[in-house]
Amino acid sequence: MAEMKTAAYICSGCELGNRLDVAQLSKIAQKEGKMALVREHAFLCNEEGVQMIRDDIEKEAVTHICIAACSRRSKTEAFHFPTVAISRANLREGVIWGIAEGEQHDEVRQEMAGDYVRMGCAEVKKMTLPLGNPNHAHNKRLLVVGGGMSGMTSALEAAEAGYDIVIVEKEAQLGGWAAKLWKRVPFKQPFAEPQDTGLAELAGKVSSHPRISVYLSSTIAETSGAPGRFSVQVKGAAGITTEEVGGIVQATGFTTYDINKLPELGGGKSANVIDQAGMEALARTANGAAIKRADGKEVKSVVFVQCAGQRDESGTHLPYCSGHCCATSVKQAMYFKDANPQVDTVVMYTDLRLPGMGEDFYRSAQQKGVIFTKGKVSTVAASGDGCEVKFRDLILDEDTALNADLVVLATGQVPTAGVNLEAWNPIVTAAEGGSAEAKQQRVEMQKTSVLNLNYRQGPDMPQLKNGFNDSHFICFPYETRRTGIYAAGPVRRPMDMLQATEDATGAALKAIQTVENASLGRAAHPRSGDLSYPIVRLEGCTQCKRCTVECPFGAIDEDERRFPQFNESRCRRCGTCMGACPVRVISFENYSVDTVGNQIKSIDMPDEFSEKPRILILACENDAYPALDMAGLQHHVYSAFVRAIPVRCMGSVNTIWITDALNSGYDGVMTMGCKHGDNYQCHFVKGSELANYRLSKIEDNLKQMGLEKERVISHEVAITDSARVAELINDYVAKIQEIGMSPMKGFN
Amino acid sequence: MNASIATNQTILVVGGGISGMTSALEAAECGKQVILAERNTSLGGRTSLLYRYFPKMCHPTCGLEINLRRLKANRNLRVMTQTEVTSVTGKRGDYTVTLKISPRYVNQNCTGCGECAKVVEAEIDNPYEYGLSKTKAAYLPHAMAYPQRYVLDASIVGAADGEKAKAACKYNAIELDMKTETVELKVGAVIWATGWKPYDAAKIQPYGYDRFDNVITSLEFERLADPHGPTGGKLLRPSDGKEAKNIAFIQCAGSRDENHLRHCSRICCMASLKQTQYVREVYGDEGKSTIYYIDIRSIDRLEDFYQKVQQDSAVKFVKSKVANIKLHEETNDLILHGVDTEGYHRYAAQHDLVVLAVGMEPESNGIALPADMITDSSGFIEGSKDGGQFSAGAASSPLDVNRSVQSATAASLRAIQVVHKTSATEGAR
Amino acid sequence: MTNANQQAVALYSNDFLREVEERVEEGEWVKMCMQCGVCAGSCPLGNAWQHTPQKLFMMIRAGKREEVLTSDSMWMCTSCYNCIVRCPRKLPITHIMHGLANYAHRLNLAPKGQPTREVARLFWNSLAKTGRVNELKFSLAMYFKDGIVQGIKNAMAMQSIGLALVMTKRLNPMELFGGHKCKDPGSLHKMIAKAREIEDRKKGFTS
Amino acid sequence: MAKKQYAFYPGCSSQKGASGSNFLTSIDVMCDKLDIQLNEIPDWNCCAASIGYAEGGELPRLAIGARNLALAEQHLPGQDMVSGCPACWLASREASERLNGHANLMAETNEALKEVGLNFKGSVKPRHMVEVMIEDIGFEGMKKPVVKQLQGMKIAGYVGCQTNRPFGIAGESFENPQYLDKMIEVVGAEAVTKYDQKVTCCGGALAFSEPEKSQKQIRSIVESAYDHGAEMIVTPCQLCQANVEIYQSEINKKQGTKFAMPVVYYTQLLSVAYGGSAKQAGLDGHIIKPKKLQDIAGK
């Protein structure tokens, strides 16, 4: 590695030259920034400017550059120099656009620009060029857990793209839920008739595919490792086999809600009350002929009760809607009408839910004579040879009843997602605390696990809601909390077969992506492509376990000596571990306690009589920092006394930065993270929440230092808050001026 | 952009909305070469014009920021804006596509400094505000526009304003003589992520969108609620700028209707439920919302959101397709006539603003698709007969954002399969 | 006539929907309604309806035969066609309403003396007689439909209008004696009788 | 130049001495100026209107409609059937569409038509006079013969139902049709564009059976015309004209209003604008005299 040669480039374009004294900034870069090379340019981002930098890199062997121009979010194509470490001093959005115009502000504006140049230089000197995680893991095979419609689709789609697949299915044959169906809802137009499930054909393709190997009647005893190097213990009749894979798709599907829990609807009470699964069984037996009940009587009248044990607000049954059941009942009603148009078929619903082209399917059923009644069923009870359905007809506004030979309850989907970690973790803590009972519970729970991950954070994927493994993010349905492991199909979210196959294909792509990234030592979403990775100086580690506990992605295990063991390809590069570490032994090449700490210390701190407070802003790079940029773009003017530093995530904020800042005379510190709580925005799950927790602990330090607690303040900032951030800043500056300059000034 | 970079290993993604960006990024992050062609002046599509997403009430621009960062960091991906696909010939794995690139009149020298906008006087309907506000004829599409470059509206090219803009630009970024270009590329697979457009509300005559100022679409309402929008986030009605505090939301405005769109657009119920919470956000209990619906379609865990809104005392639900709307001339309010079909309650309800939850029409209705393409009765795209062109997101079916992204991710894999197979067979040769 | 009703009941047991589909004009559309209610809100005489069209359709599906056929709601139809043009399922609602009224009338279940029922009958008779409607006879007939006394009242009530129309040559007293008609009403009657015969055959009326 | 030929179906209300007889007189003048020749369908019969449903039933009504169509087909081959009366047009068009759409209905109907020695092939196209005006003449064409401007008249265009729904005039909306306003402008008068009762139902045949209900409709139709400063209502429909004009006195009597809003046909407007006398335009045929229009016609 060639030794460091630094350079600073100061742009005077975009009015920078007119609003700032660029020559003085150059001097700062030289004298204080200690930059070996300092160049000014009137239009740094144009070809000539860029060429100038390129030449320095090639001819002058420059290794570290600070670009003092626009925000790091702008002109990224122009300022793309993959072979050197780069810092960006944000003079445009961050200074001349956001700070008041006019001579009376020239001084403070220039001071701000000066500090940003100091910070840029200070930062880059502590950076090294990330070269990627050395422990590359090259295994590109994929494991698909579950051999149903979703699992087989994932497997086949990935295999068709040239990847080797291992399927593990707990049943003795492939097919899962779909194998129980007589027909499925149509995927393509005309959306009019039930279709063959196509399962046999799919299963055929899967079992004969050269790239796919299948384990039947098998489960997973243990999963260890990381993307690109997972090791999976497959437990089958023949005992345990170890499979090495690079990525995992969990397509473990669902079971139907137990109708015995619905006695008021005749569930488990009457043989003539069945669920949709039972209905499919009858249809398969009839195989197109008149449909008969279990007792062999031909069904002349049938009622489908929608939302049975679903959309429940009482807390006893499923609170959610399983989405597919309306279409499924419509399909099943067609089974009857197609076999014998004379059969009375009534679908009883409160909101009929057939989105998209499902409307055509609905119309088709009406065309066939299926009756749709908007009614709320109160009870279903055996009566005579059949059942009596008591209901409130919501249109005719009356309590009434219907008699039917058969009643079908449209019950919901219950995911097969394994262990719920929110229940698991306290038990583990108790067990580790020595509770025998907890140890026992732990064993019992472990039995229900699907993946049996040997991760510090528990054996399965975290569940989002109602036991489903869904992603928390609307824009990123595959943003998993276990890197390299993706849920697909009804285990992610209640869904119909069309969506499940779509989802399974998407999950397969994400699994492929992980193994490709892992093999290059790169991060996965959302920092995809990031070559930096966490480096730990074990000699300094005190084994406090904060990093292993707080890592949102379960990337860090503990080795036998209880030292943290990093699995870089599980890591998402958020830096939460870095923020957590009390002894500051964790860092990234281009983002560390030093890169930020150095910036903080680098500024020119006015003395306490200057009337010029200095306020540090630590801003989440995803929401708050763009909001600050946009405040500039939209000219929401804010105080020139603030100095903003973008951070990867609030979770990466190490409290040492804050205490250092206050020690070195800053008058206040603002943190701007994203929303936390149930609808949290943090793409690293708990970053802003952790930061909040850590900051709450800082008050004592403030006391010791004899500082008011108002000197540290934290805000939730959304990316749209461009106007609000300016207000927050100005209010806070006013507040600080009110409580006065920090007494810490001049002590260093 | 030079055509030579593209080969039959390249994937072309048509449309730079959230689905197109996703398809392009997911494929590029698997190491594939991708070209993303967007018709408008910047990426982001429909969702960048939404204020919040249901059910989390988070901001679409947050996801856009991440996707833009992924995109800036990825060298496998090339973005072309103001670019339309005029023809696709050839076959699966070996297509030749013709792209028409309309002039922006601003080149890559643009630093986004905004000097041109300062000097230009002409104003145009802001294309990113559904014409609810004006913008200078030299403009940055929006605060998060990518590419972050200004655009000159064709109307000032050849006019004094155009010259002024050129004179004001220190960086020779303005090229008034820029011409429409046509580029031919070789690609292996095509993903159509052309998205959706709001159904033309004026066609729903009984609701008088074309006659009454205070009848607006759900998309226009998103702009009103957005702090970056034309009213700075205030819910001011068009006729007189009065604060709208008693708002009607009419479901199935065009959807589930054989006189208009025969399909259900899926998102509108949730969109209106979400928008009632905008009203609460601004006015608290003061702001009344009424939803007129046929069936509320809040599927899977979105049901929780519906249940939450049902608990909201400021929100009323009426099971009724509104029959027609009449203007109350003194107040500019609107009188909705209809019957609540649960039981039988005739109403003539007065509201100060009416929001039509307009249905989703495929944007591809109105653009010429390759002959080989299969579409359904509403025009949503299934894909090409030869299996080398795919649809993603709302171009394939009326989908919400979450499902659009799933669909877009799936489409990337299908496209990757195509280029994988061509490379494999070529390897074999 | 009641035997026509009994015969229908026997024929369709309790499947009123099928009865409507087979015997009521455009009745096969009833099953396609999705209960949005736009028809109910679109009817100019809506508030005079005890059962809105969409509700009638629901009642038919629920087998409420008696209630539907004795309802006077469909007699409120002014044939404004608002419901037809707005129905998202394109049901020919106006025609179905007419069909139901006609069927109720045919089975003699329609409300006795329902004014529109009477007017419709008189109108038809007037046209069927000569091939053209004779407005004077038609109106007089209407005034006297409820008997002489009421007739005088009605006529008096409308006298001014009547006179005015005469003055403006828009009501010709001479019409009482002769007036407009088709050349050969006889064959016209045959045609109508034939049409009815075919319809009865088709819809399985034995009476 | 050759006159445009049409098979004309006047309908019962437009016969001499019937409620719409003044429509008939005005249409003559108008057509004459526009080189339209209307050839009355020999021995036409009543269309059965909509109200015919109760007693008539389906097939008899279709047969009655088909008889007129068949007559036109036979006696005036190649000519479109034109009717001035929306009810007649609607019934004829419904008959022709239903029969052309359903082979079995066509067969059954023709079986009945045999009784009057006719057979309907389904060729003739039933059209409304308004369609002829807009599609065959056009607004420019309507302007040409104008010799008198109806300067300074404020007129509400009342379209009503059956000219407008379910078929309507091509290119017009069911809720807010514009053509009457355009016709009003053709003759140099001012159209009350904000008139919001344009397509409100006048009660139709229920004017006889449900007077209160239909008079409520009529009241709002007239009231809104007054509210929007109209001095006259113009309509394309015989029944609308009769109901809205005739019952104003009733409403005045019962509800103490002072309605005296003239209601005329668009044909009368054009006749006057084309230089026709008050008599030719049938202006004498009104209970509420369209004074201003008469004056203009008198000039």
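The chains carry the letters A, B, C and D, assigned in the order they are written, with residues numbered from 1 in each.
One rule holds in what follows: contacts are C-beta pairs under 8 Å (C-beta built on N, C-alpha and C of every residue); 3 or more make two chains touch, one makes a residue touch a chain.
Given the structure is predicted, the values throughout are model-derived calculations rather than measurements.
K.L.:
Measuring between Cα centroids, what's the chain most distant from chain C?
P.N.:
Between chain C and the rest, the longest centre separation is with A.
K.L.:
If you average the C-alpha positions per chain, which one ends up nearest the average over all of them?
P.N.:
Looking at where each chain's C-alpha mean falls, the closest to the middle is B.
K.L.:
For the chain pairs A-B and A-C, which is connected through the larger number of C-beta pairs in contact?
P.N.:
Counting C-beta pairs in contact for A-C and A-B gives the edge to A-B.
K.L.:
With centres defined as the mean C-alpha position, give me the chain A-chain D separation in Å.
P.N.:
Measuring from centre to centre gives 67 Å for this pair.
K.L.:
Chain A to chain C: how many Å between their CA centres?
P.N.:
Taking the average C-alpha coordinate of chain A and of chain C, the gap between them is 65 Å.
K.L.:
Roughly how far is chain A from chain B, going centre to centre by Cα mean, in whole Å?
P.N.:
24
K.L.:
Measuring from the mean C-alpha position of chain B to the mean C-alpha position of chain C, what distance in angstrom results?
P.N.:
51
K.L.:
For chain D, give me the residues that contact two or more of the other chains.
P.N.:
Where chain D meets two or more other chains at a single residue, that happens at 174.
K.L.:
Counting only residues that touch at least 2 other chains, which ones in chain B make the list?
P.N.:
Residues 206, 256, 319, 324, 341, 344 of chain B each touch two or more of the other chains.
K.L.:
Hey, what residues on chain A touch two or more of the other chains?
P.N.:
374, 395
K.L.:
Quick one: which chain pairs are touching?
P.N.:
A-B, A-C, B-C, B-D, C-D
K.L.:
Which chain D residues qualify as touching chain B in the complex?
P.N.:
So the residues of chain D touching chain B come out as 173-176, 194, 196.
K.L.:
Give the list of chain C residues in touch with chain B in this complex.
P.N.:
34-38, 40-42, 46-47, 52, 54-55, 82, 85-86, 88-90
K.L.:
Which of the residues in chain D come into contact with chain C in the complex?
P.N.:
For this pair, the touching residues of chain D are 12-13, 15-22, 43-46, 48-60, 62-64, 67, 108-109, 111-117, 161-162, 165-166, 168, 174, 200-201, 203-206, 208-210, 213-214, 217, 246-247, 249-250, 284-287.
K.L.:
Which chain A residues qualify as touching chain B in the complex?
P.N.:
13-15, 43, 45-46, 70, 73-77, 157-158, 160-162, 188-190, 311, 313, 319-323, 349, 351-360, 374, 394-395, 397, 465-466, 468, 470, 473-478, 493-495, 499, 502-503, 505-506, 508-510, 512-513, 516-517, 525-526, 528-530, 622-623, 626, 630, 633-634, 674-675, 679, 681, 683, 718-720, 722-723
K.L.:
Report the residues of chain C in contact with chain A in the complex, numbered from low to high.
P.N.:
Residues in contact with chain A: 17, 31-32, 34-35, 54-55, 58-59, 61-62, 89.
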